[in-house]
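Each structure below appears as structure tokens.
Here chain A shows up in two complexes: once beside chain B, once beside chain C.
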Partner chain A sequence: MKSPPRARADPAARTWRRIAAIGAALAALVVLRLFVERPLGGAASFGWPEEAIRTLRMTAIAAALSVGAALGVAGVFLQGLLRNPLAEPFILGVSGGAGLGVTIALAFAWAGTAGSSIAGFAAPEWLPGAELVADAVRQLGLVLPAAIGGIAALVAVIALGQRRGAPDPLALVLAGVVVSTMCGAVVLLLQHLSPQGLRSDLAAWMIGRIPEAVEPALLVVVSALAIAGVALGAALGRSMDAATFGDDEAHAVGVPLRRLRWTLGIASGLLAAAAVTVAGPIAFVGLVAPHLVRSLAGARHAPLVVGAALAGGALLLAADILRQLVDLGGGRIPVGIFAALAGGPVFLVLLRRGKGFG
Partner chain B sequence: MTRIADLRIASLSPAMTDAAIALGLGERIVGRTPWCPATVAEAPVVGTLVDFDAERLLRLRPTHLLVQPPRSGIEPGLDSVARSLGAVVIARHLDGVEDVRSLLAALPGLLGFMAPGAEGGATETDGSDRARLAEASGSVLEEIDRSIAAARTRVAGHDPGRVLLLFACDPVMAFGSGSYLGDLLLAIGGTNALALRGFPELSVEDVQRLAPDAIVLVRTAGAAGTAGAAIDAHEETLRRFARRLDVPATRRGRLGVLVHPSAMLPGPAVGGLAAALAATLESLERGTTAR
Partner chain C sequence: MTLLAAGLRKRFGAVAALDGVDARFERGRIVAILGPNGAGKSTLLRTLIGALRPDAGTILIDGVETGALARAARVRCLGYVAQRPLLAGALSVREVVALGRFALDRSQERVERALAATELTREAERVASTLSLGQQQRVALARALAQVDAAGWLVLDEPLAALDPAHSVHAMALLRAHARGGGGVIATIHDPTSAALIADDALLLDRGRAVAAGPAPATLAPRMLEALYGVPFAQLDGDGLVALLPRPMHRSSQGGGSTS
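Now for the complex of A and B:
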């Protein structure tokens, strides 16, 4: 007697189950980050931390989750917008612009407070207003210059990357490369002219980090943007799905392509700017998170954006846990290095498997 | 015959430029780095150890090149420039107080002014120039020793406990053992809260675990940088950082800022830096920053 045919698994349910699995992995990483520790020069252990340390770890966890989610969502938006699987949030020049903003602010602050010179020219002759900027940096840290630089670069890229009044995928990529390169060149020039102390300040910011101490208001803003990004991605999921097949197909099913591109361009830029403001430029998370989720749960954008937010947080949290555990004898290794070291091979594996490119 | 007037010194190390100036050889410096003291500003910039201008060096025809080489040694390109010039390369590691003392003691000999009977002293030198350099070297060393001894006495009177010396708060970068400032702290009788060597990056959590009795943020600056406004700015940075900590240093308000033009420059200013560090540690007792 023939057994009755098994009901085919609901693909949507299967997708969401896999997204839930990513969420479970993220929860496990949160627990690990909260409880695991390895003092410099000591052995790793697992235990409930004292209050002062718990507070630092909770802040780091919140920062990693919000920044990782922002980068993951921005990656999905950009890969959809540009129809380019290699697109990542910093392709829009946000990282370069933020780096330039921070470099200029540090140079002003250095000249304004240290009374030292940049290229032999002492402030304030060379840098009018240096003391004012120094005061602002002292009060607000590097959040404002990073945000201003990142958003200014984004505006420039979007302005340059239009064709017939709408963001054009190819023009956006080219404009992003040009703006990033120019910002990078000015950063290099300023670094070249900078004395040792300032140079090390700049280099430290450029590596990227997960702060254990950050203004709560800033974390709230980044978290709110990441959540809004997920909601936006879920709402635009069907339109983004249609847009992946090409302009004609998208128009045929009534997708307002121009509005969609404007929305995705601005949203991804704001998310990347928010992330870089908190953590500096962190490579690969925005590239790898969407591909990881595609390889596990498919390419439909509504679940993809949720999964990428979770995966982005998980990747960054994993990098931060490695920072706590790996002790090569020279102090803590910056998270940005782990993100790049781990992200590169993961991306290569995905590439070799030929999956994750929806 | 070697005479001071014949010396043409190109320095690719601000610290070694300082040492030459301290021995009264500032006028003999014909090439410098962009970061050398203003007293040699008239000499053209020949670059740094990793980015030197070979053509300018060749034009300046230095007799001596002063460099602080990395552990991997001098770049072959610089070595070949020196050989084609027939210039003597004076390469010294300046990692601690003793390295500075040793450089100041040896520099006259390295420049060719050997004491009679000293090893390699066969080079004929002008006796009066030799005596002048020896006297300058002795006097600078004496001043350094006197300042460090005075700083020791000062610190001994106000034991600051385990001190964490930072040079950046975000990310947290510290002076470990074996670093110039770490070594100077030991030399004046202080205790470094950090046992790690070099300039490690720490997490805020690491600082919490180290539980230092005092935290001093050390920044370098030009002459104007030691002004009150600059110190205020760095104090604010340190306070913002320390807000998240619950350690003896924050509970007792033992947070200090040391802004010094030669904070990162292991050279003859080490005596002044020792005095400034001792004053900063002493001021922690009073809850004010030494200015």
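Now for the complex of A and C:
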């Protein structure tokens, strides 16, 4: 990346310096999240937490980082796939579809319990961390239905968002809203039909939350997917750069467009599914993170993907810290509410600017 | 040593965009493709570069079907610039031109040479999508120049339409240099005068058929253009140049010809 030749070295180095700065901000937020505390009904303060609390906070940090990274990378992938600056998992109904997948899996007790063909999976004992691996595979019983739901929703939205044979930026967004709303309605129906305990769990999850207690194996699965997403994005960076040209010109320079699009579509479905499984459908992080990084560090996709992963984590962590500090009298406010309130205006600004519309 | 299209057919729904086109493009020559709107010019270019799969027909480069070429070989042979190049991604000019080497070795030297040839070196760090349409087209041409080998073809959709006269002359010189270096140029050109200025050969398309092909002076004769466009043409000679102009239907006759 830091090749010497004159003029070129400068912008590339600057890009990576800015990405590093986002990483530093993220590290600061991690420290802050570890030390900020506010007993219910009390005032916020800083202090070194005792071990049990520390574990909860570490879990929340890990969840925020992996979910934020997954959403940020999924946003970059979807924006590249559709050449649409408004694309992100929530808007396009991918999160909604993934949520429906998770809910169906839970409602029919497919995940981790009887009924799942992979529920009985046991890793060979000689494998280091065999228990965790076995647990992780069982967690796929939740993530896979989510991924199937998310990818199905994406395919439906792309099919519905065509105008005169080509995807239309605004038609895509409208189709996303409709698919999202319909998936939400089915989720609410299933929720309505479920037993009391599951019902309130689902309700909290539907708003979008950063949990302080998660199956460690699920966290492993989601982090692994997020890291794989970053690696894939870094590897496909130049392809995504070249795919910003028109289809014909991208083909002419040698981009295998069809393969690239399938890869990006499936990967963004998997990433959104991973995020939704842990945190519920959180809006706009997948939109704000890539745009924030683009404005700071330029449009080349390889650094953009890395930056969007860091920025996504930082945004969610910031929201999670904010939620520790703000008390409107009703207890801690779910993170999803902060995300929607902060991200909505960004979406509107991008919509009005209309930048990048064909 | 040729790019050969034989029996190309392509339908879009009920419309036959290409209705059995045969064409032959030699290296070292600039071929202008002319025809009324909807004649199939852009479809022919997109089919030649392999972005569209024809319903029937074959495209051969030096006897090898283009579909059978390895990706890198195909990319070295065929560069393409669209009429309105889409440079949406907020990439810098240099980044866009460097992507000409996407499927090839990342020769920095080729990139710098293409930037210099198109006089874009000073613009290299600017965001390509913020440039004027004419400049964006030059960026895309630079990308194609960085991409294709000396013996490859530049396939260009209306490369001169968005350029002011100075840049138009400059672009023509670039295309001529590529042809002189042993490469081929295939360009749709709306304006017959520009076509006559730059092209060695011309290919006339009408409703998906190649109605005439051959050396430019003969193929672009006024009566050929009249048959193609259905309006009368006049040819003005002067200063060693030829202008081919459609005659206005009403007879309010013109004063000076265009002889710059």
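Operating definition for what follows: the second predicted complex is superposed on the first by the 230 of 358 C-alpha atoms of A that agree within 3 Å, B and C clash if a C-alpha of one lies under 4 Å from a C-alpha of the other, contacts with A are read in each partner's own complex, and residues count from 1 in each chain.
We take it that a residue touches a chain if its C-beta (ideal position, glycine included) is under 8 Å from a C-beta of that chain, and two chains touch if they have at least 3 such contacts.
Just so we're clear, the structure is a prediction, and the values are computed from it rather than from any experiment.
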First, second, both or neither for A:47, with chain B first and chain C second: neither
Touched partner set for A:255, first chain B, second chain C, both or neither: second
Partner chain in contact with A:245 - chain B first, chain C second, else both or neither: second
Touching partner for A:55 - first (chain B), second (chain C), both, neither: first
Residues of chain A touched, compared between chain B and chain C (which is higher): B
Which of chain B and chain C A:211 touches, first, second, both or neither: first
Partner chain in contact with A:323 - chain B first, chain C second, else both or neither: first
Chain B and chain C footprints on chain A, overlapping residues: none
Of all residues in chain A, those that touch chain B in their complex: 37, 39-41, 51-53, 55-57, 109, 113-117, 119-120, 122, 131, 134-135, 138-139, 141, 193, 195-197, 200-201, 204, 209, 211-213, 323-324, 329-334
Contacting residues of chain A [partner chain C, same complex]: 5, 7-8, 11, 83, 238-239, 241-242, 244-249, 251-256, 294, 298-300, 356
Residues of chain B touching chain A in the complex: 34-35, 41, 167-168, 170-171, 173-174, 176, 195-206, 208-209, 219-227, 229-230, 233-234, 236-237, 240-241, 243-246, 259, 264
Chain A contact footprint on chain C (complex, rising order): 46, 49-51, 71-72, 74-75, 78-82, 85-92, 94-96, 99-100, 102-104, 108, 124-125, 127, 140, 143-144, 147, 155
